[in-house]
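In the two complexes below, chain A is the common chain; its partner is chain B in one and chain C in the other.
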Partner chain A sequence: MHSLAINDVVMEYERPRTHERVLAIDHLSLTIENSSFVSVVGPSGCGKSTLLFIIDGLVRPTVGSVTIDGRQITSPGRDRAMVFQEASLFPWYTTLRNCAYGLECQGVSRKDAETRSRPLLEMVGLAGFEHHYPHELSIGMQQRANLARALAVDPDVLLMDEPFAALDAQTRELMQAELLGIWAHAKKTVVFITHQIDEAIYLSDRVIVMSARPGRIIDDIPVELERPRSLDIKRTPSFTALEERIWHRLASEVKHGGEMERADRGVASAP
Partner chain B sequence: MTDTTKPPGAPPYRVAASVWQSIPHPSERLIYGLVGIVAVLAVWEAVSQTEVVKSVLISRPTAIITAAIQEFSTGAIWPNLQATLSVWALGFTLAAILGIGIGLLSGIFRTFRYIADPWLNAINVAPDLAFVPILILWFGIGLKFKIVLVLLTGTFYVAINTLAGVRSAEGRFLQVAESLGASQIRVLRTVVLPGSVPYVMTGLRQGAARSIIAVIVAEFVSSNQGIGFMISVAGSFLDTATVMFGIALLAILGFLVSEILGRIEHRFDAWRPQLP
Partner chain C sequence: MAALRRGNRIANVAAPIGPLDRFGRWFGGNRQRILPLLSFALVALAWEVSADIGLLNQAFFASPTAIVIAGVRDVQTQLFWGDVRASASEFIVGYGIAVFAGLVFGFTMGWFRRFGYFFRPWIDALNATPSLALMPLVLIWFGLGASSKVAIVFITTFVPVVVNIYTGARTVDQKFLRVAAGFGASRTFLLRSVVVPSIAPFGFAAARLGVGRAVSGVVVGEFFSAQAGLAYRLFQDAQLLQTARLLFGALTITFLALGAFRFVSFAESRTLRWRVTASGMSRLARNA
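Our next item is the complex of A and B:
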């Protein structure tokens, strides 16, 4: 079985001004099966984004390694693509050129890259906005374009760093449903970082819960809700039971880690 | 959408609640601008006509216009204008190339920046016109001297702004490019350079305006042609009208240059959100 493996990764860095050593990730191991959707939740600053950057190859871990199908990762590669948090489209390129950027980096001619990008923009619902500049798009549309840019290089692993964090609640739910639709067709491995417990459960086959810094895995919860999932599933007892479990797992971490956003419904409000 | 909902009976969206929020009429700016100019000119003319202040010292608008008409109708202005503009164009083109080059190199290569930084700072704090005597010593009083003075003045503004532009490349964009596998050259071409265009243009505008001053000063000091020469000669003959005409001409020149560069800038940054 092919898979993405994180092997005993430790990430330590030095704060630039104070030279204080910070342990961001503490001996973390995780194996993710191909074509599965895995979410990582945890308090702010627990190193979950750092983990994603390590998988992408943008950051080298202090100790440990990441392998894909047994090959060790040392730098960004064609088999992985990252969907960054908001506002990461190049403001000087149109939506289409942004989407084609990854292919152009791989040596595809601009014309071919753009031709191959059009269907992806269509898939994420941006047909007709090819020649708009990012500032002419709403934040939701910018994130659709971000997703299209990552999908355009046809990666095996899609790394998503809180992609919907800046969206309003309705748009976020809509995008979650659309992402599941796209994933069902593309069948890519997805590692999805989020603050939202309900988002993590709704999207994933597995939810990884990380501790406050230094980040360790404190729970690994399979989500056995059947697919395809409609948004209504968020109101079912099995869904809310999972929410409850993850919330309690996180509650103690949050106290010394940072705030954790709760799902809007289903679970009684925390103090 | 959600943001269009408005409570019933709410006041119209734009309300002039105070002087800080009042909405100007579209032509307000133009009208008041013209009124201001006409008023100043009228007072000037009156003060000069009545000799409250000696008119030979301050000239008067009508006399300046007469001088302008004479300069243009006799064609006396053209060789001077041509001399000034050609020195400026040649000098500033070289300054722009040199400035962008130094700016890019120091922005991209840390070592180069560390070497160039003290010199750029030194040239920044030293008034460039103080170099005039030594430049004359080195280059004589011909074209070479003028070009070097323009270079000295203009290069600096272009260089530091270009450097700032390159250094402003945002980490998140660099990460995106790296994540998608862009080569260093591609990162430079597709991320660093587009992001620095607004900075470079600011540098060019500042440098262009400063360079004109440098040309005029050079012509004051040593020349037998040019607007600066014309002003300096007219001044020594107490021909204040021609001096004022020369100054007005330079102001118009500066305005035109800034306007043209503004247009060019606009071509490069269609992607930026335009302010109303």
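Our next item is the complex of A and C:
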């Protein structure tokens, strides 16, 4: 049973000011095979990010559990690493030190951690930028460094929370292709949260469609496109057919969830 | 550029550059340095002329030259340097203790919620109190010696430092704490890698703010009671209507305070290199 399993997870939290109970995730179960690439799409505020935080162990579910190869997750661990949505590099550290951060957290000395991080920076195309501070990098480069930081701890599971959302279209496509390249080498389990349907299909073995809040799985679509995939695949009929299917599945949910999103923007990620 | 502005468009562009153009270019490149000096020189000149032609009563407004003459005479005396030593040591001791204690206390308040809630009303009340008004009480507690001056410096400086650091500790970005937690950072490593760097800019802001507060403390303290000190001498000079010496004394205080301010800024630019480069970038962007 080599897999990541989300077992009947319910997430409920209380709004800080109003003390209103909010159901963010409603009885969600999902099993992800090792080394597979799974994307989760859904309307804003559907609990996608919360789900990722639960898998990372940053947030405890109200009910249910997450297991990796049978072991239950209670806190963040070395087998998982998160690539956060926003520019979450520490502005006070250089790119190299940022990349080495996870290793330093594990008690590796700064020198060793930096030595081990250099090849990763190279892999994401940041060689020569080791001693730049984050604000001296473009947003695309910052997200590469962000990815390198997560890969540096050599996790089994990579959790990515809309990592390319802030990028322009061209950079995003390039990063998608590069991510696939890296994933093909590293063979890690990836859980990838995104808004972009084409991004989800292009990258994944499987696309999970979530409902508007409370988040449930409303569709689970295997993507049987051949790998390695070039960016041209996005224009093939089988690709667009998948796109169509997911889009229709989401459209009703987005319409339904639109008002909810306006009422409480942003609370889903801060339980 | 100058040719363009005069309206002779293409014809004059290749013409030889006149001395006026050269001056304009030099001035444009250095205006950040020239204009402050010019402003200072003009005021001094106006002041000097008004004093010389009798527009200003020299007894109340010593002219700049009179201040310079008094200053040259002053710096050759033991008395002056004794005053500098007395004031500087009151400042350094009071300020040093206040900043250090303020850092520790403010951080503890920000980091341990209950501790913060418990002391918050006292800090807020003290922050709203014009602490210099406590000087008579400080005299009762600490007597007439140097310790009362150190005490008033401490009281005026400590509170704003605490408030700043407290705010800094409360506003550490959740996003960064989450990253550290996600990578399983230990509590001490989290403190070192996230909290301290997050608070550091607040610490330096507090230290800079504290300089002005501490100088006020020294001055008020010496006005009340002292045997030596720059502000004490200033008070004496005023009673003897020695305005030239008085103004020289005031300038000395300004100068020393500026020096302390510069020192803190220098330490900041050294410590927070990531911030210095950030502001350098924004300057580039402004000039572009």
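Assume the second predicted complex is superposed on the first by the 256 of 271 C-alpha atoms of A that agree within 3 Å, B and C clash if a C-alpha of one lies under 4 Å from a C-alpha of the other, contacts with A are read in each partner's own complex, and residues count from 1 in each chain.
Everything that follows uses one rule, which is that a contact is a pair of C-beta atoms (placed from the backbone, for glycine too) under 8 Å apart; a residue touches a chain by one contact, two chains touch by 3 or more.
Predicted model only: the values in this text are computed from it and were never measured.
Participant: Once chain A from each complex is brought into register, does chain C clash with chain B or fit beside it?
Facilitator: Aligned through their shared chain, the two binders clash on chain A.
Participant: Name the contact category of A:D168: first (chain B only), second (chain C only), both, or neither.
Facilitator: First partner only.
Participant: Touching chain B in one complex and chain C in the other: list those residues of chain A.
Facilitator: 56, 58, 76-78, 81-82, 84, 88, 90-93, 101-102, 104-106, 133, 135, 153.
Participant: Which residues, counting only chain A, touch chain B once they are in their complex?
Facilitator: Going through chain A, the ones touching chain B are 56-58, 76-78, 81-82, 84, 87-88, 90-94, 101-102, 104-106, 133-135, 149, 153, 168, 170.
Participant: Quick one: which bits of chain A touch chain C in the complex? Just the residue numbers, please.
Facilitator: Touch residues, chain A against chain C: 56, 58, 75-78, 81-82, 84, 86, 88, 90-93, 101-102, 104-106, 133, 135-136, 153, 270.
Participant: Can you list the chain B residues touching chain A in their complex?
Facilitator: Residue positions touching the partner: 2, 172-173, 175-183, 186, 190-191, 194-195, 197, 269-273.
Participant: List the residues on chain C that touch chain A in their complex, please.
Facilitator: 174-176, 178-186, 189, 193-194, 197, 200, 272, 274, 277-278, 281
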